[in-house]
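Note that chain A is present in both complexes that follow, paired respectively with chain B and with chain C.
Our next item is the complex of A and B:
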């Protein structure tokens, strides 16, 4: 499974695309756990009281996981995951 | 208000007028329209250029900064001789040189809780070219309450985000209910920004503003457009209205007075 990271999240992780060893059948939450384990620097940036911060969107195949089962959404082979925060530069 | 195009205008706007999608009626409509551009910086520069060139008759420009030399690498309406001048004055001079049809309304101010309703109300469209989260949430909230659509754009180093906030679509808070805490995401002065990046994003915002004013095409509503200059890719992510949104949801706020825009700009549901 791969995570695509945007803006400052990619900088913290040091890469825009991060592969994790999460298997189909596991959840988006599992994949996020694996991402944060591989890049602990992201933990404080992404989590707020143990939950994904409200301003960070979690996408599976280009659609917010809110529309599925949130972090409990089951992964399928070939799913693309993404994390994006807002940016404010002008 | 009725106005007919004079010979100079028929010439100036001929490439618009010749198209069925704009035509003389559409051009008149643009000349009778008003747009408020928030920020005359990286994004605001191309927005002001193209809206002025297109003949958007009334152009409001809000900015409280002065031109600095480090702006000139991307803020293409300002020149070396403008360093030290208020950006709204420099922008107004640019528009005057480009197109005498345009009435420029300069507001040398920072858009905030105390002036947002007054500044935004009455314009046909707002183009959000701000450079900080606080202003962006103030703009979203006040514009929605005033019934004015927003062409939003924001940049970070080599990346941009654009979306259009129409009245029957989701607002910025539906996408990002709160801002990151101040200091979490570094700004342009800290990270740097590719000079041409705001040119690309600002042109997308200007395109959306012109479409809204013409009531033409499909706006970038309920969709966030990502642009990555390094990969040269565009991606679109759909998003929906949040029925519990404190601004555009049922029973949303009717004024931004009293909203606390410090920190994450969150509005808690009652």
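Our next item is the complex of A and C:
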């Protein structure tokens, strides 16, 4: 799986695209765990009391995982995952 | 319109080759190095590639289809009715570039460098055309107004409303000056969200067309960032759709803004 990171999250990780070893059938939460293990600097920025902070967006294939089963959402082959802070366009 | 700068020795030759390969309406702009011969510069017919050929003189005026100041105005003016602009020896932020010459420095080039070479023969035109497909086009408010005016419902429209977001140098007179903003976009997903918002707004009674464009990259103080253009039956629904359109874009579309002032640099979401 690949994570796409944006704004300061990409700066902390040092990369905009991060590959993790999470397999199809595992969950978005597993993929996030693998990402935070590879880039521990992201942990404080992304988590609040062990949960994903309210203002952090987690998307799977362009759609917020809240619309599916949240962090329990099962991954399929070829999924695109994205992690970003509050949007600030305009 | 997709602009491209070609810089360095042999740029003119490469511009000619490229212009012949580009499909659609192509403008070729050259920097005029001979301001003394002002009567001679201007339109070149027949012998060069490109549908529009212009010369921009060192004092910022250009000839060919009128006189305006500078490269920016020329980009804005040509954008609505050209598919490509090939600029020889002219560069700016957010215009991708080809850099020729052994001593050329990409760090000194304001736009993204798509290709490099000692001379024009070193640049693979097929690769360059492919790279250009992924580059950001030059979109203006006027281009979007022209687009919505071509609506099948234009006859029933009595109103066009537009919103333009721009880089504010300072909010209050004694604020520190903002020099520029840098925007990044979640490509694909940002477009999908804007299209979905536009589709919802055009479902409203009397709203016929909604066009969004948000620029990315580095945008300097005073420059435009984002446009929302609405074609509607009457002014009330036009104003409402424009306001809701920009509000929803700011809330929902994955675009991120980093601000640089005279003394610091920060992401906007960390200050709100």
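In the analysis below, the second predicted complex is superposed on the first by the 86 of 90 C-alpha atoms of A that agree within 3 Å, B and C clash if a C-alpha of one lies under 4 Å from a C-alpha of the other, contacts with A are read in each partner's own complex, and residues count from 1 in each chain.
Heads up, the rule we're going with is that a contact is a pair of C-beta atoms (placed from the backbone, for glycine too) under 8 Å apart; a residue touches a chain by one contact, two chains touch by 3 or more.
Small disclaimer: the values here were computed from a predicted structure and weren't measured.
**Student:** On chain A, which partner touches more residues: chain B or chain C?
**Tutor:** B
**Student:** Applying the touch criterion given at the start, work out whether A:64 contacts chain B, chain C, both or neither, answering first, second, both or neither.
**Tutor:** Only chain B; A:64 stays clear of chain C.
**Student:** Is A:45 touching anything from chain B or chain C once the two structures are fitted on A? First, second, both or neither.
**Tutor:** Touch status of A:45: first partner only.
**Student:** Touch test for A:86: chain B only (first), chain C only (second), both, or neither?
**Tutor:** Both partners, chain B and chain C.
**Student:** Once the two structures are superposed, pull the chain A residues common to the chain B and chain C interfaces.
**Tutor:** 6-8, 55, 57, 59, 62, 84-90
**Student:** Chain C touches which residues of chain A in the complex?
**Tutor:** On the chain A side, the touching residues are 4, 6-8, 55, 57, 59, 62, 82, 84-90.
**Student:** Please give the residue numbers of chain A that touch chain B in the complex, ascending.
**Tutor:** Residues of chain A touching chain B: 6-8, 45, 53-55, 57, 59, 62-64, 67, 84-90.
**Student:** Using the touch definition from the top, list the residues of chain B that touch chain A in their complex.
**Tutor:** 39, 41-44, 129-133, 136, 153-157, 159-161, 175-180, 184-188, 193, 198, 226, 235-240, 264, 266
**Student:** For the complex, which residues does chain C have touching chain A?
**Tutor:** 165, 183-186, 188-190, 192, 214, 225-226, 246, 249-258, 267-270, 272
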